[in-house]
Each structure stands twice: as structure tokens, then as C-alpha cells.
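Chain IDs A, B, C and D follow the sequence of writing; residue 1 opens each chain.
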Amino acid sequence: MERSYRLVLSCPDRVGIVSMVSNFISSHGGSITDANQHSDPISGYFFMRVEINAASLPFSLERLREAFTPIASSFAMEWDITDSTQPKRVILMASRESHCLADLLYRYHSNELFCEIPCVISNHEDLRSMVEWHGIPYYCVPVDPADKQPHFQRVDELIREHDADTVVLARYMQILPTEVCDRYTHRIINIHHSFLPSFAGARPYHQAYDRGVKLIGATCHYVTPELDAGPIIDQEVTRVSHRHLPEEMVRLGRDVEKLALARGLRWHLEDRVLVHGNKTVVFA
Amino acid sequence: MERSYRLVLSCPDRVGIVSMVSNFISSHGGSITDANQHSDPISGYFFMRVEINAASLPFSLERLREAFTPIASSFAMEWDITDSTQPKRVILMASRESHCLADLLYRYHSNELFCEIPCVISNHEDLRSMVEWHGIPYYCVPVDPADKQPHFQRVDELIREHDADTVVLARYMQILPTEVCDRYTHRIINIHHSFLPSFAGARPYHQAYDRGVKLIGATCHYVTPELDAGPIIDQEVTRVSHRHLPEEMVRLGRDVEKLALARGLRWHLEDRVLVHGNKTVVFA
Amino acid sequence: MERSYRLVLSCPDRVGIVSMVSNFISSHGGSITDANQHSDPISGYFFMRVEINAASLPFSLERLREAFTPIASSFAMEWDITDSTQPKRVILMASRESHCLADLLYRYHSNELFCEIPCVISNHEDLRSMVEWHGIPYYCVPVDPADKQPHFQRVDELIREHDADTVVLARYMQILPTEVCDRYTHRIINIHHSFLPSFAGARPYHQAYDRGVKLIGATCHYVTPELDAGPIIDQEVTRVSHRHLPEEMVRLGRDVEKLALARGLRWHLEDRVLVHGNKTVVFA
Amino acid sequence: MERSYRLVLSCPDRVGIVSMVSNFISSHGGSITDANQHSDPISGYFFMRVEINAASLPFSLERLREAFTPIASSFAMEWDITDSTQPKRVILMASRESHCLADLLYRYHSNELFCEIPCVISNHEDLRSMVEWHGIPYYCVPVDPADKQPHFQRVDELIREHDADTVVLARYMQILPTEVCDRYTHRIINIHHSFLPSFAGARPYHQAYDRGVKLIGATCHYVTPELDAGPIIDQEVTRVSHRHLPEEMVRLGRDVEKLALARGLRWHLEDRVLVHGNKTVVFA
């Protein structure tokens, strides 16, 4: 992988942003390898992502950030610059259902997902062997239904101890407490097994069966304190018919869950997802 | 088109239904050209549709119905036999948006939809010229927002006068009164411009935009007194991104609305849609 | 529609292109409403499309072109600037099959496609009434199979007389002579009723049926002298099964043909399609 | 899993087949849980698949076969009856690319694919650890490019020794000799990484890139002596754009390869795929 710097920014839209940013880059000899921008006329916001060949710039990441700060300030940008060769640290959380976890582990193992996975956390022992085969530590943190607090406290500690950038709820099936959601805003990714906003909450495939829909789906989204209501990163659907019982919807749904989650996580890892309000801009 | 009889039935499932039906057909020399069946283990119901080459049977439609009645009774079937060469009479209703109406008219005009269209009813004059070019009578029945009753009464009269088998709400935008819905159970088809049950009610594309979904859809369903809650016949989706404003979702949505409605209507016209409870069995 | 200038360019990739272009725009107070760029590492080419709010610039289209010329020259750009309020002149050509023509006429009629249609040319009379209802002149230019030259000569004259920017072969079914293809490079759009490169040439649905494929498709492409081998603009597919006879593939295929052609033409009309070699960059 | 007998048959179409088959079943009290049939008017062939609750019949599999033989003979059927609780024995073959193999192993491991996998055969050592973690023997049989015959001979021996019903080429990348193809007609399943018939042969994603297609695909088919020309079981596609380099098409293609292969194999294992000539009837 060629090393690149990824500049990601959003700010109120006005004349001259692209010019200022591209001047900054080209005046230092920077070679842009990918660039995307979006002006949203309804919110009046501007979004941009630029990949710059790192070798073409005379800067370390730190110095680049310093150098860009005045421009960012003058446009009131929310922004970040990351180094494409620095993998994000991603903790995966699961319960008993293994399909999303196995899929992410495979993509990680085969270098399709560029990240580090410091550990996997689950409330059950079932998936330990699969995880450990990949050389990844496995923490089983049981949930006491009568008092879930100790579980969440231990999860929170593990996230801190492992210095995670991102947490992926790969069919984790527990509702995170508000304080955890708030601490990791836009850094916790969930896969919900329905085409949101249809069938939020429990047993969505059974809800879908009862309603008699002809397509079922999955939604990859950032977690917010309100259940299944966070910013949507990606969605995927597949066709079903009267022949499909709920358990067959569950089976077919697994494949769309895996696809939507893997795609959403990949975009997140590559800093392609910008959040504004409760919506995402995805420079895929 | 080869003339065929279409036998459509549903009944509580038990041993021997297929055998009894197929014996009946073959004992009279009937040649089956298409057959579908479905056993639903949850409801315990059995569904079947058989197409029989009419020329292979020594029966008129009337006599065939008589001959089949004892079998139907012994299995407590809901059933019907139709003649594939007898077009259904379909009234189309629209408001100002023309895309669904124009699409259906084109498919009718090019012999893709086998039916008769005795008239089109609208609450506006806008689409008269398009309809009359196709040689179809156009009734403009205005709606007085302060008192909609006269409108619905006239609509109801027109449906009766034209002896319609089926009414299609091709973006008609008015909510039919309960008594009309009840009079034409499973005979009124609506296209809703969202992926139900998401975004029922008004302005679904704006709701979809506000929620930030990544796929938008359309739902073809039978009308029941509860708004946008009837049995779903077909659904279709298309991908959108942050780049799509509500009006662009409206534009993209038109194509999925047209597809879902045309497909659903076609299946209805060919007696491929069986309703059980609030769900459909579609032998497509 | 807000009036905008669309700057579209391609050139060998090097440092500073975006900077130079965006400086040029912002130094004159230009407000960018949409921008896309692409660097192709294999060909070493750079592609860009920028929409600028026309009211924000102190230029007429002519003056803007003049002012931009030095920049374009210094980067060896192929480029153009168009005015979004100037509709392209599009001639539609068809034979007997009406679905693509009717679809484009409807989209034109309902203001979904922004263009002028100075005339429709066909080698048959069949579609005259449909075209004339839209207020568009219809030219029937018969083809003599023994000598097609007079037909093509008359077609060529009509294209010139009507000063067409673009010609759309909406199931025209004749193979244009090389000299016509060469005269209107990247300005003649065809819809081929298969998923190219599979099933080029005649009767593609029958070829698809014989091969037993499980998806059929359509391809919208620019016409080049080599049959069905020009740069692809868009493709679309739909699922089929063993139940679909060739004539049912023809029916299902119509819907994907309409979608692929309408989408491709729309992108072409909005100057979103850039051609490099035998491939397209589509800033959709 | 409820035990069922699966009766699968094809024969020249004529009056009375369904009646004879369903009488046979119901006269012995058999309860049909699923049934599909298809009459192909072009070939004049009839195809049928019936699932019968095994407990409802007073027969062993052997006796059922005996009892059905006279009916089969009288209609010149090609037919088989299988027991749904008897897993097929499936040998997986791979080379170095692991995605299809890992996907099938996962589905096997999680009981999504009902079969036995007596061994995996590869011409490389790379995938040994992954396979052995699943408790499945791994045979590495190297290929000498100068003389491939010993490789194929050993593969053939392994297939016999393990008494395989089915062989899956999960990106095996070698062309099986004609005699092996002929010995296991309709029992060797391959996944080809293109939307056949486009891009048969080597490096299909690079061929797709060069042609500039806008959708890439994968094809699951039975292997015949002619390369990539056997009966197609399933196909899947995904959208690509000018942004996708060949290696990104390879990455995106993996997901459609996995889906098409897993679906095709599942249908095969459930006796849902009937072959006639070079085409399949899939009762999905």
C-alpha cells in the first residue's frame, strides 16, 4: 500500500474552500490521488475528502496537521488528517451468532480489511475457538440479566485498555448504555438485521415475516443512545417470497448483514464516512 | 394467446389435494401447462394455481366450474376458475402525477398487459389528453377538500357503471373511504412510494431523506381500510446516496414505482396472487 | 433550474491541476455547486467535471471559455464548458419496437430529460402517431435491403439539417455505416439488448435463452464502427429462470433496456460522461 | 430436520404425469411438503420435484424406489429419489485463493450447508491450517506444469477413495481432463469469476476492466469438457465504475463468487437442480 495522507473535512459552504485546500496541497508539491467533495444545499454544508501521496509532501503527519490548522480555522472546519498506513484499532463484539464475526475475521485475515483487532469481546464462550485460531485474544464477559451494569463496566474498561478507535457490534444483541454510546460517538458501528427504519428492535425477521414483505434487508449504522436510530452508513436487501419461513429469512438475511457490515466498516476504516446531524456522507 | 383455464385455490392443507385435483384434470384429458403449489406450515394452508389448456378439456368454463364444485366443497376450498382469454376490466385512477398512469397505458397499448380499461378517473384535468389519445374515456371528478363525500360517491358509481373487476390507484393520492375498500376487497391495487412498512403516509421520499436511508423503494399492495397496511404484492428498491435531494429521490423513485406496480398488476391480471390473512402468495 | 456552467476536462495527470482550476474559479468569485474528479493510475490520465453557479461568475459562456483557454493549453486538456440551460438537440431513431422510444418521449414530455428533440427518424411508419402526439416531427425513411445507402444518406442529411448534438438509437436495428459513426464520435448512443460483451449482434435474447443464463441485461454505449463494441455508458440486468421463454426474456428485457438507456442519455445530456480510449468515466 | 424423500424426475411431457405421481403418493398416504413442476414447451420436456414427509409413507427408501419404478418406466423418466437426512459427500478443491473455500467451510461448520466433506484437495499447502481447524483432512497434490497427468490421476483416486458424490472447484484454477469431467457428469461444480459467457478463460476481471463494463459477475456451473461452457446453475453481479482498478474488481468479485457458489451448491445438495441438455431447471 502506497502511504497517503487522508484529509477529511466538513464546514459551512462558501466560495473558495476547494481552491484554498488544493492550493495548500499543490504549493507543497502534494500529489492528489483521490478526491471527493459534496455541497449540501439543504444544510448549507460542504464535505471533502482528499488522499495525498505522502511521499510527495515534505511533511510528517504532525507537521502537516500543524500546517493545515490555520486554513481549517479560517473556514470553521471539523477536520482530521490520517495516515493510511496507520491501522485503526477495532474491537469486535459478538454474542452467539457467528456469521458477521466470522466474516470480518476472514476479511481481516485475508488482508481485505486494513486494521488491528486487539481483541474480541462476547457475553458467551461459543466463539472463542474461532477467534483464537486467528491469534486474537477473546474476552468472555457474561451478562447477568438481573444486573447488566457489571458487564457494561467491564466492556468499557476493555475498550479503554485496548485503546480502541472503533467498536463493531457484530450481532452483539445487547443495548449499550447511553454513557458508552456518548463516549464513542461515531465510533461504534452496529449491524441491524432489518431495512431500517422498518422493524427496529427485537426479532426483525419475524416482524418482516408477519408483515409479508417481499424484500428483507440489513442496516449498518453508527450507534447512538436511541436504539436503531443512528446515522445509516449502508443498507442492503435481498428478495424473499411466501416460500420463506422466518428461519429462512434469518438464513438469507445473514448474507446481506455480512455485506452491509463489511462494506460499512471498510468505508469507516478508510475515513470515507462523514457524519452531519443524523446522516452520513459516504465517499465510497 | 393459447386459451387456458386457470384454477386457483386455497384450503386447509391435508393429504390428497394435489392428487384429487390432478386426477380430476387428467381424467378428462386435461393438459396442464403450468402449475404451482405452496404449503404453509405456519398457517396450515395449502395454495395452488393450475393452468390447463382449454382445448384439451371437454368443458365450457361454466361446466368446468360445476364439475369441480364437489371437489372444492370436500376440501373447503376458496377457489375460482378463470378463462385466460377473458380480459379483466381495470379502472385506473390518478391525480396529477402521470408516470405510473403513463407506464400502465403504454403497457396496455403495447399488449404487455392483457386487460380492458373501460375508463380512467382523476380528480384533475391534467392527464385527459394522454388518456384520450389511447382511446380511453376520461372522467374528471374533482375533490372538494371540505366535503370529499360527493367525489367518492361518484367514483363508486363509475366503478359500478363500468363493471370493473379491478381498480388501480396509480398515484391517486386520496384515501378511499372504508366502505369502498370493503366493497372491493383484494381488487383495489395501490402503489405506495416507499418501502413499506417504512414511511407510510404522506411525503415518503421526504421522510426517507430525513432518515438518511441508502435505498429507497416502492410497494404495490392491495388496499384495505387501514392506510398503507394491506397485503403486499411486490416491492422494489433502488440505491441512493447523500447526493440525492428529496426531489431526486422522487425522480429515481418513479422508476421503481412503475416497475413494482406494473409487475403487481400483471400478476393480479393473470390470477397469480392469492391472499391469506394480510399476506400474499404470488405464483410468479 | 439554476443556470450553471459545466466545465469538463481530461488531461495527463500531474500535480496542480485541481489547484489551478479551482483557483481560476474562486479568483473570479465562482461558486462550485458540484465537482468530481478521477485519477486513473493505469492510463495516467486525470478527469474532472465542475459545475459553477453561472450567476457567481462575471462571464458569459464565450468569455469564460476564452479565459480558461490558457489553463487548458498549459495542461494539454481536452475540455469543454457548457451552459446547463442550453438544451442539447437530440434526434431519436427507432424501428418498430416502441418501448425505448415511448420511454424517452415520456421522460422528455414530463421534463425529466432536459433536451430538445427536433425530430424522430424511423424506417417504418408504425410510431408516427405516438411521436406526433408529442408535437415532434416524424420522418419515415424506409430501408431498401438491397441498397441501404440511400437510407443512410437521408438519415445523415436529416441529422445535419436538424443540427443535432446527439443521436439516440432507441432500438433502431440498423447498423450505421462507418462514415456516420466517425462523423459523430461519442455523440451516437445505442441501447443493445444484452449484457455486453455477451451476445453481441442479432437476437441476443434468443442467444441468452440458448446459453441458459440466469440474468439478462442491456447495455447503453456510444456507437463506434465496430458493432456493439463502443465505450459502455451503463448496464443493467434482471433475473430470469428456466420458466422464461425467449419472448418472456424480450418482455423483461424491455424494462432494463429502458432504464439503462434513459440513465445513460441523462448522464450524457448533463455532460457527465467522459470517454478515454474505449472506456467511459461517468460522474453520476 | 424432518426426514423427507425427494423425488426428482424429468421426461417427455404428456397428459397425466402429475396425476399418476400424486396418486401414487396419496394412495400410500404420503404427505407432500413441497412440489415444483415445469413444462418446457420448446424441448417438450416435463420436470418435477416433490418432497414427501418420509414418516407419512410406509416405505423405506429402497422399497419406495422399487414401488415407483413401474411409473417411471411407463413415462420414460430420468429420475431419482433421495433421503433428505442422507448428506451428500462433497470434496472441495482449491488452489491458493481462499475466499470461496473459507465461505463454504464456514457455511458447513454453521450447519447452513447439509453435507459431509470427506476432504479438501489443493495443489498448494497454503490453506491446510484453515481446513484442518475444521477437522477436515487436507490433501496437497502439487501440479507439475510440465506433466499434469500425475496430479489429475491422484485427484481422481482421492475422489474415488472418498466416495464423493460431488466435487466443488472453489477457485481450483486447473482445467480438469475430459475423462474426469465425463466420469462425474453434473457432479462437478465450478465457480467462474465472470458473468458467463462474457470473459471465459483466464483473468476475467482484467478482461472486464479492459472492456470497461459497468457490472461484474460470477457464474456457478456444472463442469463439462468444454471450458466454462457447462450448464449454468446461478449467476450474480455487482456494480463497478471507472474508479475500480482490476484488483478492486477482484475484491468486489469475491463476494459475488461466494454468493453464487454457495447458492448453487445448496440447491445441488437439496436436489433442486435438474439438467436438460446444456441448461438447468432450478426449483429454488
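Convention: contacts are C-beta pairs under 8 Å (C-beta built on N, C-alpha and C of every residue); 3 or more make two chains touch, one makes a residue touch a chain.
If you want to know which protein each chain is, UniProt gives these names: A, B, C, D = Formyltetrahydrofolate deformylase.
Just so you know, these numbers come straight off a predicted model, no measurement behind them.
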Angle of the C-alpha superposing rotation, chain B to chain C, to the nearest 5 degrees: 180
Farthest-lying chain, centroid of Cα atoms versus that of chain A: B
Centroid spacing, where centroids are CA-atom means, of chain B and chain D in whole angstrom: 37
Separation of chain C from chain D, taking each centre as the mean of its C-alpha atoms, in whole Å: 41
Residues of chain B engaged with two or more neighbouring chains: 41
Complex contacts: residues of chain C adjacent to chain A: 15-16, 18-20, 22-23, 25-27, 29-37, 39, 41, 56
Touching residues (chain side chain B, partner chain C) in the complex: 98-99, 102-103, 106, 110, 112, 133, 251, 254-255, 259
Chain D residues touching chain C - in the complex, by the definition given at the top: 38, 40-42, 47, 195-199, 211-215, 217, 231-237, 241-243, 245, 278-282, 284
